[in-house]
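See the structures that follow.
Presented sequentially are two complexes of subunit A, the first with subunit B as partner and the second with subunit C.
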Partner chain A sequence: MIKYLAKRIGRSLITLVIIISVVFLLMRMMPIEGYFPNFDKMTDAQIQAGLEAQGLLDPVPVQLGRFFVNLFHGDLGVSHGYRNNVPVTEILADKVPISIQMGCLSIIVSLILGIPLGTMMARYKGKWVDKMGTLFIVFIQAVPAAVYYLMFQLYGTLLLDIPLLFDAANWKSWILPVFSMALGNIAYYAMWLRRYMVDESNKDYVRLARAKGASGNTIMFRHIFRNAFVPMVQYLPSSFLNTVIGSIYIESLYSVPGMGGLLVQVIKDNDNNMVQAIVLLYATVGVIGLLLGDIMMTVLDPRISFGTKEGGR
Partner chain B sequence: MTREVILSVQDLDVKFRLRGKVLHAIRGISLDIYKGESLAIVGESGSGKSVFTKTFMGLLDNNGFIPAGHIMYDGKDLAKITAEKEWQKIRGGEIAMIMQDPMTSLNPLKTVGEQIAEAIRLHQPEVKGKEAIREKVISYLNDVGIPDPERRYKQYAHEFSGGMRQRVVIAIALACNPKILICDEPTTALDVTIQAQIINLLKKLKEKYSLTIVFITHDLGVVANIADRVAVMYCGDIIEVGMSEEVFYDPKHPYTWALLSSLPQLGERGEDLFTIKGTPPSLYKEIKGDAFAPRNPRALKIDYMLQPPYFEVTPTHKAKTWLLDPRAPKVEPPAAIRNLKDIEGVYGK
Partner chain C sequence: MSSLTDRYMRKVEKSAEQKLQEKMDALSQRTGMSESDMFSFADYDEAEAEKTGYSNYSYWRSTLNMFMKNKGAVVMLVVMLAIIVFAVIQPYLPGQMDPNLCNMDPLTYITDRNIPPNEKYWLGTNVIGQDLWARIWAGTRNSLIIGFSVAAVEAVVGIIVGVLWGYVRKLDFLFTEIYNVLDNIPNTIILILVAYIMTPSMGTLILAMSLTRWIGMARFIRNQILIIRDRDYNLASRCLGTPTWRLIVKNLLPYLVSVIMLRMALAIPSAIGSEVFITYIGLGLPLETPGLGQLIDDGRKVMMNAAQRYQLIYPTILLSIVTISFYIVGNAFSDAADPKNHR
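Moving on to the complex of A and B:
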């Protein structure tokens, strides 16, 4: 198992290096205007001097090498364009925690609500719980998010008696953005879990469990649930990633000082160092998520062994 | 011969609602099952073999229902039970079932030990404590012939071969401590060599646990090997029932003749095997007369008009065919099956 983990982590690191290198090289193909805030007014000599100072005239492999060396020292360079000469790490340190916190909270909320919803829908398939759940899922999936986000904000803030905008110090003001972010995932988890549970409940081992005399609830929770949850596991990492980076709209709606939209902004600003840092961050979160997903699968499902094949038929 | 009836089915009807239509799957079956016997129910696919036995356990699909008839067991009419709670006591505890496909009938995420232990906890409350249950599970694994049960106990279904999985399924059924064991084509999904092992195992366990076994199959070789008595089903009805020898050596119903004529052992090299022409009638429509008449080249006029009652051949052998009526013309069974006794590999050889 340890060997398997080491192998997986090693591979993940290689994946990260490749992603970073590709993004780094792509950024080098962008026009050089982005490196200077006042490019128009600069003379050629000034531009050359500026490029030299930033080390941009060195051969690309050298630049890449230097980037990785600095990375190991925790230095991601300084921002050009987004906020001039402020270290990238400092900018991210302001913004990342709040987004990650919000993402984690919303994932927790969506698991706590989505999984029981899906289970109940499968348990009482065709009954009113199932019908209401389906209505909810269809609503969330079919209606543009902007519509119910706005309603949520409007009526939610009235109901809770809080200001429209986010204030990190007031716990009440976390509720609405976290729930807004969770809504999509709740529907998503409930939909897939219901589907997998219904699939499982038609399988032979469930028939055998019934023929054994096990009660409906025992069958549902002790036999079906775990089997249905295994394929669910693979969705968790990617939905976490999407929640962390995909909350542009909600963050702007509530003025949350997170990193939603930051990547788009810095690409527009041609702020290479910022782009690299953010891509590195997302790629890391993504790779870790996939790794965790795989580890969870192996823990839950004995049929998936760690790498080497043993036993079996 | 006086034998105690353990389960008695009387005029049982089963229907299914399917897309607004009603399918009449079981058409008035009456059958007594005797304690300690092994009864084989044979018939082609769709004849209602599985549906018939599922009614004993309340395992019909949701769209199935029993409009008429009784299933008397232990003084209760199982056909009238609706409460899930009551069924849970009967399922496993009184009547257990082994299913066709051992590859899919075990939960892939639980160790086989846990799955057998679950049955013990449900139906043998007198076995208390983790260690006692574990020992019991291991003794069942031993009984079904799984080597090294101490180690196998902790393994998952995917670590077992098909034959071994079927043994585990049998162990689960035994752990429920049933009186009747229904085996729904338990060997169909297995290799031929494994089939024989499983059949022999079931024979052995039947003695050890004094079980009554109901065997559903369309493999007549299996029937000959295990069954005391055979019931032949066609179109949701039992058209002939008798002791194995009687049905094999002295079949009376034209459908039984046709079924036996289809035995591959009777085929001649270079010639096509015998097949029964046509298809069974639709169960959506009311069947008039003998259900087999349209496929029976020797059908009588009355076969199309009136459903035959049972005619008794011997006290243990009866068949639903007008040919047994004293007024009927003499029709001989096909030559091919007259000497089944002498053909190797068909019965008891």
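Moving on to the complex of A and C:
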């Protein structure tokens, strides 16, 4: 177990280092305008001096090494363009809490709605609940999220009679972003839970339970549900990852002052340091999400043997 | 007591006899032989004895039959083909406008902006007076080109890497480690980064989307090939000296048709979705190349004005039809192409 954990964590660390290096190298290919707040008005000499001062003329490996050293000191550079000369970490510290709140709320909503939906679909397989649910899942999966989010925003704001943009003090304006973030996960949970439960219900222990006279509901909830839910756990941390990515679009649609909207904003502002820092953060969250998912699986289900499972999902 | 048992037994026997008789009738009807024919000795006939049986099973015919049974999918297939054909021939039809032309009133030289749908502009015009009907079809065309290119790259790269990964044992460790690293990187991040770094164009978008999608395909093909590469018939083939490439193409890949087709069909909705997202971030196609994502983003900007909302609604409707039809057809085809479902 400990050996497996160490190996898995080590692999995640290597992945992170590779991602950070790749992101850093890609960023060096960016136009240099992104390092100056007022590039257009500067003379060539000023630009050279500015690049020199920021250490951008050094050989790339030296830059990369310095970047890692700074990273360990919690220094991600300063913003240019979004908020001039403010440390990136300071900006992020303002923005992260609201994204976390929204992400957690949406996951709670999607669990509360998705799990019963999947269970009902498996319980009444082939009945109208199942058919309506399948229709919903097909729609959510086939139509790009970017499109139904827009429709949700358009008709939701008209229906609830609230302003288009987010206002943290008004509880009503939380509803739409949280629910649109949850939609994808609801469909995802329902689809997989239904599939696992249908798979499980063909197994021998279910037949035994039926033979000994357990009622349909007991079998469904005490036997099948418990076994079917184990593989679902693996997706839980990853769905935190998915809300982070989904929220790039949603937060900026509703102008939520969180991390997702920030990425879109700094891309439009050509703020290289900020883009780099946010991409790093997302990659880290993603890698940790997958790591936690695998660890939770192995802890929860004693049948899974350690170390033999290669390649994650 | 005994009479009760007797009566019961008689009843059971009677119904059993009845059922047997029904079955016999059905059988003689099917084979065209009377009951006595069926239970008489067959004479020895040399011609009959030489007859060899063969199965007229054809993979593609069975796939087609299975697919045709799914009525909803057939309807969606027709819709899908109609949209593709129309998107291709639309610019050559009479009376179509240039999607990039900003229409003006010939007398007053005032741009025809935000004109609601009428006889001249079938779906109205956008904020700078371009014909929405022409733009929507040009956008569908471009989005489909992006989708098909991404699907093609995914299939080619995914199949080659997957086959190498699964078939060549020495490469397995190396590829698995590479996969573990690549799979951990969020796709959206790569998409954003590549689009951010390169100049916006169709090539950039195709590259950005293709960069990550092949990984999943390669992984799946590798797993399937690991399962079937050492089955007896492949072992026999190898012993008989079949070249490796022929083994792969003839024995292994046909097993994977359903998966490959499914992933290719799903690549199109997902490529269109990515385009919408990338356009929203401001890294999408250049203005003179309309895409469905671009049109939706243009519509989004005016959506709170009820009179201009049609500029969002029409592209959205077309995009939803395209993506849903590809999704359903892809799923139905992959079910039909799976030999396990052939009867």
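Assume the second predicted complex is superposed on the first by the 247 of 313 C-alpha atoms of A that agree within 3 Å, B and C clash if a C-alpha of one lies under 4 Å from a C-alpha of the other, contacts with A are read in each partner's own complex, and residues count from 1 in each chain.
Please note the rule applied: contacts are C-beta pairs under 8 Å (C-beta built on N, C-alpha and C of every residue); 3 or more make two chains touch, one makes a residue touch a chain.
Keep in mind the model is a prediction, meaning the values are calculated, not measured.
Between subunit B and subunit C, C contacts the larger number of subunit A residues. Residue contacts after overlaying the shared chain place A:Gly74 against neither subunit B nor subunit C. When the shared chain is aligned, subunit B comes close enough to touch A:Arg226, but subunit C does not. Residue contacts after overlaying the shared chain place A:Ile248 against subunit C, while subunit B stays out of touching range.
In the superposition on chain A, A:Gly286 makes contact with subunit C only, not with subunit B. Look at A:Gly216: by the touch rule set out above, it reaches subunit B but stays clear of subunit C.
Of the two partner chains placed by the overlay, only subunit C lies in contact with A:Ala146; subunit B stays clear of it. Annotation: subunit A residues 311-313 touch subunit B in one complex and subunit C in the other.
Residues 176, 179-181, 183-186, 188-189, 192-193, 196-197, 219, 269-270, 272-274, 276-277, 280-283, 293, 296, 300, 303-304, 309, 312, 316, 319-320, 323-324, 326-328 of subunit C are the ones touching subunit A in the complex.
By the touch criterion given at the top, residues 203-205, 207-216, 222-223, 226-227, 230, 300-303, 311-313 of subunit A touch subunit B in their complex. Across the interface of their complex, subunit A is touched by residues 57, 59, 84-85, 87-93, 96-97, 99, 101, 104-110, 118-119, 122-123, 155-156, 158-161, 169, 172, 176 of subunit B.
Here subunit A touches subunit C in the complex through residues 11-12, 14-15, 18-19, 23, 26, 29-30, 138-139, 141-147, 150-151, 154, 164, 241, 245, 248-249, 252, 263-264, 267-268, 275, 279, 282-283, 286-287, 290, 310-313, going by the rule given at the top.
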